[in-house]
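So, here's a batch of structures to check.
Paired with chain B in one complex and with chain C in the other, chain A is shared by the two complexes that follow.
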Partner chain A sequence: MTLHFTPVWFIAVPLLLAFLAPLWVRWRLLMPVLFSAQVALFVLALSWLPTVRIAPILETIVIAPPLGIHLHLDAIALLLVALFSFAGAIVSAFIWLDNGAAHLRERPAFILMLLLIAGSNGMVLTGDIFNLYVFIEIVGVSAYALAAIRRDKTALEAGLKYVIVGSVAAIFILFAIVLLYLQTGQLNIAALAQAFGNMPAQMQLLIGLLMLIGLSIKAELFPFNFWVPDIYRGSDPEITALYSGVLVKAFLFVLFHLTFILLADPTVARNWLMALGAITMIVAELVALRQNDLRRMLAYSSLGQVGLITLALAFASEATTAGALFHMVNHTLIKVLLFLLAALMLRQYASLKLTDVHGLSRTMPLAAGLFVLGALAVLGLPPFSGFISKLWILKGFADVQTFWPVALILTAALIEAGYYFRWIRVFYAPTDALPMAKIEGEKTLNYAPLLVIAGLLIVLGVAPFLLEDWLQQAAQALLGREALLNAVLGVQP
Partner chain B sequence: MLEVLELFDRPAVLHSIYLIGSLILFFIGLYGLLAKRHLLKIFVSIEIMELAVYLILIAIATTPGETAPILSDGFTAFTSMSDPIPQALTLTAIVIGVAVTALGTSMAIQYHRLTGKVSVGEMTELKD
Partner chain C sequence: MSRRLPLRKRFRVHTLLLIALCGWLLMLHLTLLLNHGLDAPSNGVGDLYLARNSETASANAVTTVVVSYRGFDTLGEVTVLFLAATGIGMLFAGGLGATPALRDRNNHPNEVMVTGTRLLFPALLLLGVYIVLHGHLSPGGGFQGGVIVATAFFLRMIADPKFNLDHAQLGWVESFAGSGFVLFGMLGLVFVTTASFLGNFLPHPVAAMGQLVSAGVIPLIYLLVGIKVGAEIGAIFQDMLEADHDTPVSARAAEEL
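Showing the complex of A and B:
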């Protein structure tokens, strides 16, 4: 008997492994299982690339769409699933090799991290809107619990804030789904897309607004992102790496997937979403200038990049979309790198306030060096991949003579340079104090996952053509409403 | 008198009553969420908002006179039966809602045990 690989594996495998957790505890295999599961899913995703390039894979569960639930694996879903598994693999490798953070190597954290990955994969793959809600809640619950997993004052405060804001967002999303169902009697996203245009205009607006509020809270867009820095400051940096790298990307995808597929003419929402992205970017970058805690600064920097990605995706042209997707990949890599560095620094220094990390480069030269590398990549300087993705976005705008986003993006990059170099200057500040004694358990092996990311940032920067075809196809898949409707509803036996 | 009662039995009127009632409930929840600072009151408000959404779904999708969508003695065809999907969806959503609320309240209790605080206004640990 041969095993038949289908898209549902991306959801089922992490779930199954999570439920079998007692076995892994008994056999002392928790971390190896966590790591190898992500690597296996990543390899599986890559192995599917040739097939998906030809045609998207549609997997029906029990009944054919529009009645049943189906999973839709096209170029963009595959890209994101691969990205999530890769980020998951890096973070779990880091936690595995690390001697600190014992609470992250126990059973609860293991289960929650697998659920988080399973839910994110599900959000990207599913073709049914209620199924989407269920996955949003799976991701939500595991994220709330992960935020509080350290169970001290700060972690619990972060978890509580997250659970309150997150469940309010989920109510708005559920409300929009309920109205959609009552209006159309459909739950399949493709069937909804066909019926959406026939609804009364006010109803369309109401549903759109409810969805936008709910998903903006989850995807951390202005003005619904006031809570983000607190959560990023209170949770473990290893976990925030997953939030910034996986969770936000999944919600951004859902936001734009729904926008592009429900609206026959996405230009209706273009100006609104672009304005939202631009404001998010500028406000976050300006506020980041004043942050005196490294994790809060990274949180605001992450918001700024999310704003940039939103701005570029909302323009809905193929060039900017491909650039934005590339920037999504880069931003995940960079933020995972920076947050994991923050985890290492936090272990050594116990506080990441600007005044406490003077002369960090003398104690942790490699960490400081990698921080500089990450900062340069996020600013978009060659030879790092951030340069290429920003270049694609700017070129996409300039080619159609739209210059205000170009000006804004460049201004934002300047502000970004301002605050990243402020931190770098502190790291390399000359001090009279001797280097701090290394804390126990600090070893070079800790840096292995980080060096992998650093290498990848350079490789993708030097050779962007490795991903170019895939990104182009992903952009076409995201924008290709007709093709998706045909694939799901067109040919039915 | 009877006409008035019959008027209330008409689907359109009934649905409007349900809709208005649920929306009032929704805004009561929203008010509680924004105006109250006590952690448990916030969770109660969130639950009320959630409940209002479930009510809208269930109430509008059902019309008086419809029977349960089960084929049994006497019922052999799917006529004048209510749509089972909203009920399945609501059940799922209720389960999810309970799980989230349980998680939230257990965190709130732990937080109270650790710090003695019950109000979101006092949560200042994460600010600079």
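Showing the complex of A and C:
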């Protein structure tokens, strides 16, 4: 009997811990368990890096791949699992150290957050399309419940909206899976990829459209993202940090993973997906310009960045993909930082309307400073990591003489600068009012997780070579259809 | 009151159009599915599962697929139910005071209900347990049996206002069953003979097929699923009946709505 560390640990351990919740409630260990579970999984992911660099790990569950379910841990899956665990660790550390928000430190919140991240890990790891759907359900149900967890008017409204929109999206995805199974008789993604080309062209188009609509709703792409700002405005900022940092990234990965593996020639969908990304980016940035509520502004800014990542991933060249993955990492870090800052500000100010936060830098100098740092990183200014990732994306486009995305991305960055500096100007506006008294429970310790992120943003900006190899390999893994089919099915496609 | 309203206010055109659109899409889907469903492929994974079924020594091939071959999906589905129960518990905890009381629990339930439940309760319980335990032999299993057991308790809750399921105890039962499922999976990983999550590490000789003790871990896992499903559905029923506690915060929230 030996103890195997295998990819299934990323899913099984959080499930076990969530099921054992009554035990943690009795021992008053909810937050420590949540935090240490994420840290442990993050460390586990990092410890696997050398192994996965050499060859992806394929774990069979009960019976071998074309028939059974398998988990596929390659460079990109490892990158995302590590990212999700890290984001989870930061958010849970923040909630743990924080004195407010008691409802986020109770049993339901513990279970929902743990399973939200476990489900995202599962979506990234699984190699079976029905298993993927099961994880989409797990992530979906926990996200709906988390949106409503504050149980006041706005939160319940957000939860209800999310349930409806999310269920509609899930139906689209499920219907596409049903059609895939009826057509090919396969559920394994690699086996499906092999059979996909033999289907009638109309059926391919229908399945593709259904998948695209379902996953675009979940991944918040235009025009299916009308619901996002309401939900980001209604839920707790700590929760929206997880939506923007973990949930959306998992769905983006699924969208592009399926595109690149099912289509023998991804350039078929290239123009469509790039257009989708570009429109999402421009529309979201323009709308963000007019937002007067900090959380709505951040929601639209998040949509804009998602559009940028989509635009770069859809181009399907190795350079832009690596850049997009780096930007994914950066965006997760930045949005977790900004949303957690919004949570801290919300503790001090009753509302985060533009007119209500005049002179915020007087009362919360550290928060205002970190906000500036996050804004500069999201704009892509050196020495922050956002600069490097945007540079990689732009270089990737420019190298192959495609200049229209470059122009769009730079325009979007300009608009972004417009609204971020508008907020920064308000934060640092001179006010006559005396600085408000510090509310109780406001500690420097609250800022510790945020400072970790800020440090990481600078470190990655100064020394991007730390991640460069990993990101290159992740891009190759995402684009490497042949290699994956070969690894799973053991035959040349 | 609604009679005084003009027609266009009573029927919202947008809503009706949306419903019509959804109906049309549904018809489209159904025709598509039926056209393709009739000549279903014969070389799909379903048939391959059937061909391999004997290796697990479970007489019910569906159970083999649900608990063993695709047991990981089942673990996921159990988790979805767990999340749903948690979410409902969270939303109903303390009751949404302003919702109309679902029923007045102090009222005496009618005689037919009480007598009927007295007769049905033991029979339902027995049927539920039977279905759970024979999941690997005959149609049914943990999900179906668990729901039947929960329904039996639900009838008692309705028939007897003083009968309550203890949330804390249900929580422990559910926790035991859920973690048992994951631990069984982990044990499969630990044993060298299977070395796979949810691997069937107990002896499952084909000769014993059709007996109550056969198919290795499959009936044990299905039993845990049954316990978990029963406890979760029971907890959901209990949450929904418990609408008469009041916590001021949520009551206010509900009034705002």
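Heads up, the rule we're going with is that the second predicted complex is superposed on the first by the 488 of 493 C-alpha atoms of A that agree within 3 Å, B and C clash if a C-alpha of one lies under 4 Å from a C-alpha of the other, contacts with A are read in each partner's own complex, and residues count from 1 in each chain.
Note that in this section a residue touches a chain if its C-beta (ideal position, glycine included) is under 8 Å from a C-beta of that chain, and two chains touch if they have at least 3 such contacts.
Predicted, not measured: the structure shown is a model, and the values here were computed from it.
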Chain A as common anchor, with chain B and chain C clashing or fitting: clash
Touched partner set for A:122, first chain B, second chain C, both or neither: second
Contacts of A:184 with chain B and chain C, given as first, second, both or neither: second
Contacts of A:414 with chain B and chain C, given as first, second, both or neither: neither
Winner by number of chain A residues touched, once chain B and chain C are compared: C
Touching partner for A:466 - first (chain B), second (chain C), both, neither: neither
Which of chain B and chain C A:233 touches, first, second, both or neither: first
Partner chain in contact with A:137 - chain B first, chain C second, else both or neither: both
Chain B versus chain C as contact partner of A:111, first or second or both or neither: second
Touching partner for A:448 - first (chain B), second (chain C), both, neither: neither
Partner chain(s) touched by A:164 [first = chain B, second = chain C, both, neither]: first
On chain A, the residue positions that both chain B and chain C contact, one per complex: 130, 134, 137, 141, 144-145, 148, 151-153, 156-157, 175, 178, 181-182, 185, 187
Sites on chain A touched by chain B in the complex: 130, 133-134, 137, 140-141, 144-145, 148, 151-154, 156-161, 163-164, 167-168, 170-171, 174-175, 178, 181-182, 185, 187, 229-230, 233-234, 291-293, 296
Complex contact set, residues of chain C against chain A: 29, 32-33, 36-37, 40-49, 52, 68-73, 75-77, 79-80, 82-84, 86-87, 89-91, 168, 171-172, 174-175, 178-179, 181-183, 185-186, 189-192, 195-200, 249-250, 253, 256-257
List of chain A residues in touch with chain C within their complex: 1-4, 6, 8, 12, 15-16, 18-23, 59-63, 66-69, 107-108, 111-112, 115, 122, 130-131, 134-135, 137-138, 141-142, 144-145, 148-149, 151-153, 156-157, 175, 178-179, 181-188, 206
Chain A-facing residues of chain B, complex: 33, 39, 42-43, 46, 49-50, 53, 56-57, 60-61, 83, 85-86, 89, 92-93, 96, 99-101, 103-104, 107-108, 110-111, 114-115, 120, 123, 125-128
